[in-house]
Amino acid sequence: MAVSAQEKTTHPYGNTSVMGDPSESGRFGEFGGMFVPETLVPACQELDRAFRSAWADPVFRDELYLLFRDYAGRPSPITICENLSAELGCRILLKREDLNHTGSHKINSVLGQALLAKRMGKTRLVAETGAGQHGVATATAAALFDMECIVYMGEVDIRRQELNVFRMKLLGSEVRAAQSGSQTLKDAVNEAMRHWVGAVESTHYCLGSVMGPHPYPWMVREFHRVIGVEASQQCASLLGGAPDVVVACVGGGSNAAGIFSGFVDTEAALVGVEPAGGAALGRAVPGVVHGSHSYLMQDEWGQVLEAHSISAGLDYPGVGPEHAHLAATKRARYEPISDAQVVEAFQLLARTEGIIPALEPAHALGWIMQAKDELAGQTVLLNLSGRGDKDVAQMMEHLA
Amino acid sequence: MTGVLEAALRARLDRGGKCLVPYLTGGLGNDWLETVQAAAIAGADAVEIGIPFSDPVMDGPTIQLANDRALAAGVTPQQVFDRLHRADIGVPTVVMTYGNIAYRMGYQRFAASLARSTVAGAILPDIPLEELGPWATAADAEAIETVLLGAPTASDERLARIAQRSRGFVYAVGLLGITGVREQLAASAKVIAKRLKAVTDLPVLVGVGVGTPRQAVEVCEEADGVVVGSAMVQRMLDGAGPDGVAELVAEFRQALDESTNHC
Amino acid sequence: MAVSAQEKTTHPYGNTSVMGDPSESGRFGEFGGMFVPETLVPACQELDRAFRSAWADPVFRDELYLLFRDYAGRPSPITICENLSAELGCRILLKREDLNHTGSHKINSVLGQALLAKRMGKTRLVAETGAGQHGVATATAAALFDMECIVYMGEVDIRRQELNVFRMKLLGSEVRAAQSGSQTLKDAVNEAMRHWVGAVESTHYCLGSVMGPHPYPWMVREFHRVIGVEASQQCASLLGGAPDVVVACVGGGSNAAGIFSGFVDTEAALVGVEPAGGAALGRAVPGVVHGSHSYLMQDEWGQVLEAHSISAGLDYPGVGPEHAHLAATKRARYEPISDAQVVEAFQLLARTEGIIPALEPAHALGWIMQAKDELAGQTVLLNLSGRGDKDVAQMMEHLA
Amino acid sequence: MTGVLEAALRARLDRGGKCLVPYLTGGLGNDWLETVQAAAIAGADAVEIGIPFSDPVMDGPTIQLANDRALAAGVTPQQVFDRLHRADIGVPTVVMTYGNIAYRMGYQRFAASLARSTVAGAILPDIPLEELGPWATAADAEAIETVLLGAPTASDERLARIAQRSRGFVYAVGLLGITGVREQLAASAKVIAKRLKAVTDLPVLVGVGVGTPRQAVEVCEEADGVVVGSAMVQRMLDGAGPDGVAELVAEFRQALDESTNHC
């Protein structure tokens, strides 16, 4: 079974686990943990136990594998980009998460979490969403598993993304406005957590990235590990081994964690690309918010700042703790990219390869464009985490 | 060694009374410190002072709004400390804020700041038992009493561990949910109080969902007292001023006293 | 190689070929042919020769197979719909063409045609499009093959579908307005043909369905046959044989032809579903237009009528000649469905399975809903020809 | 047996002249039949009459517009036939329409209708040689001369087969493209005329892209004559009426006659 093929990665980078299991206290090096209101601690612990047991259970893995294959359309292919490679002077391979059902990698984790929630006897899902990608994915899983679902979305985002709101409703979910704070993603996380505090017994909080309290950063990464497992097998057969560089965009960090996990034990350089206006890793200021100890954009007093990015999916001021660990241990590097470069990349991929990327992975391509001298002659695997359909209207206005 | 917070509460209990701890948002309005003082005079046994945070996940709309307003007015933790410094309040104070405020300042510096401002205790609701170590070390060194929360979702065994590590009192979370006034007292409120009482000698005060004097009296059939947050903060938001808040504190005081025939 | 696995189908239904090769004159029974201006006849004949030679060439098939796999994301999975089956009382399987790159089955034919055009030394593509699906697919292939591309679209449709116009431009194509007649799909076909008449030597006309002059109906069906080949193998392993019924929507008829071809030599009933307002097969009035002899919506004088459907992709007054043949020989039946039933089906699939279908395949589901008494207990394979993202805005207005 | 269309053209050629066949849209305006008659008087050797069709794929914007206007006015093929029936035109007529109009009516009925209206020939541009069988049978039975098109894309061998099956004349397609007036005569026009002349004795008339008398003269260096469509139809659309169209026909006639010193 493809999913379970690469059960354990080896950890050649020091004695703290590098993309292996976190410590007992849910830590990757010094990052992670379970910084949640007391009411949620038993729920997180229950989830930790349930996930450990499910993930060790071949029946659960089989079920998830079948969902991945027969519902989500996995494995996603790797596309070798001849035209783009010629243009940039390095060999570019795309891991095509854009071809998954609902159009991004998000479906991997959402199917895993819904399956787990069902196994735990939960009947409801609650989720946060920014632009709506994770909300639509969660609503999708809720429809499939016949679960009630409530999605929190910032009031401002609800107005900006009315089509995704409609999608979630079509899928049978209820969308609720997060009206506090900046009324965007981080406030939706707050509201979803608050909702969870009040409904913790019947409800699973379906978190959208490798963030939040333990076991989320680990669990969500494990559900996305399929990206890396597939990609490493595909690269083995296409390239005879790992690529020189693996690049992914980083919002919370789930797609990056998924693909990095396939290559962390190889010689490949791992590069995460953040929006310049939301570079939690780039600034490297630690904090404890939304459940974990990680890097966080904040002012001198610890008040959380708003991130700013052309891409709603990267508009998050924090980042998953495992990335903080990968950055601190220097196993991965993290680079900022400007909105303008992202727009260039978005257009370049469409024009040269007939693939309109989501703005999020266009960040990763933007970095490749910018670093092309450094990358000359190398083989670069880019995680194309989602398709650009959701961004086309925005880009039409932007480029008008 | 019993801290000043615990001592003040025990004193009330020893007199056969029930403890009343109003929660007020620090930095909300220019007269917030006067409001704290007025609450003390009106019968609070201690006052919980919220330090505004951008992302208060345990709080409902009322306290969120109070946070947002105070932050929009530019309040910082340091300003709250500075005003508390040597202010004459008459009862112990305990700050309530979120982990990142303390973490960002540095746990030691944060604890030291509290001590310098003669704050007796601290509540950091998103730093649970498992994550408490570094903060507890810093707090203990400055004799800051760290109040822990015990929630309905915990096992008895967990409640016992929480109560054992708590200082000042144990904050019994009255319901599954965030702060805010409810029509009715949740059934869970008396249950959690009773469960905690069974595992600790510390005062057990119920907070979250205690919004009226009647609810306070009801929960105190099991609990040693109450923390009243959103109802108080709503008065502050309504512009009731120190007198308006004091009036509400007095109503709670009176109801609790009448229920125990205590004065 | 999966694509070539089912090289020849047997023809148990009479002595005219049923989804085998057409006759020398490009006919399926009495339908088909090459009714084009003389200027185009040599081009169609050249295309016929080129296609025959390419299709017999394992190198070409391999190349196409790799494109299908590594670029378009094939094979598309089959999803067994537990919830929907429970609701409708028959077992429903979906062939997931919605998961293909660009979101529909259209990519199959477009990749085949572009690869063939390149092989023929053509440097330009011209295409017609209605709502924009085929136009976007063609523009995609043009970008990938680095060919110039011009897409004709009715002036009315250009206004209705500005996002798809922008997509095509992003992909490097030029979109031109068809300003004559009803300014919709059939006029775009006229304009594309006119353009081809004037540029026939350098240009391949990349037709969007199993219509037009020979060899298009045959060639386009062959490129889509991958749907049927995969599905028949998948059904063999899932069901141990063919399903009882195979259902697909019919505009020009390409997705239906693709999936039918995998089951025409089995006992499975084949059902094509047309919009009630565009039921060329339902009315069964023959005509010769846009290159072939087939059924056609027309007035008593032979003037072509406009089709009316809630779904732009089925808004075509004609139908591919092979479907006329399958109808005339009764190997397949064709059923009309109302717009209202389509909207129900659209919502039902979203709510029960977490899959938002395109409005076109929602026609096929609408028929299943309507025929559920007849279908009770049967196994029904539905070709989910595309995803609904393109239709979400329209449905939001419609359901508001 | 030579048909009337071929005979009329041969008569012109025998006199050393070049053939002129204007194309006019049937049913476009109330005076379209008068326009046909006026064109004949002004020097047309035959007149091509378009029967409007909804989807004229060989036609450019001018003739498309003429079609759309006529159809919007409710014109039907039958109405065109009815008006041609026993109309006195003085030269042979040939209808031009698309396959589906004839197919829908039934090839036999269509051919019979032409014969009854004393139309000499028919051009169905989307019924090429390979598909001609059924129509040719019906047309031949009614002695309707079916004019076939020969285009630059055809091989010599194909052109020969086309010419052999054509009746009345061979319509040489002057360029790769649809009907419409161009600035310049395409180089392909004379080439195709020459190629066709090499394989047939029938008159070879060039159409598509012959829009001015100068172009007509130029192409007639190789061809036996011209079909002039969009330029004529544009006059009809402009409301020039029978006189206006006749004037243009006369200009072409004169230019051709002068070029051959023929009157």
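Some points to look at:
Every chain is named by a letter (A, B, C and D) in the order it is written, and numbering of its residues begins at 1.
Please note the rule applied: a contact is a pair of C-beta atoms (placed from the backbone, for glycine too) under 8 Å apart; a residue touches a chain by one contact, two chains touch by 3 or more.
Not measured: the values here are computed from a predicted model.
Common partners of chain B and chain D, by the touch rule above, are absent.
We define each chain's centre as the mean of its Cα atoms; on that basis chain A and chain C are separated by 35 Å. One finds 67 Å separating the Cα centroids of chain A and chain D.
In chain D, there is no position where the chain touches two or more neighbouring chains simultaneously. In chain C, no residue touches at least two other chains. Because contacts link the chains only in sequence, without closing, their graph is best described as a line. Contact annotation for chain pairs lists A-B, A-C, C-D, with touch applied as defined.
Note for the complex: chain B touches chain A at residues 53-61, 64-65, 68, 71, 76-78, 98-105, 125-131, 148-155, 158, 162, 173, 175-178.
Per the touch definition, chain C reaches chain A in the complex via residues 69-71, 73, 76-80, 83, 96, 98-101, 103, 139-144, 146, 162-163, 166-167, 170-172, 347, 350-356, 389, 392-393, 395-396. Residues of chain C touching chain D in their complex: 25, 33-43, 180-181, 186-187, 190, 193-194, 197-201, 286-291, 293, 296, 298, 300-304.
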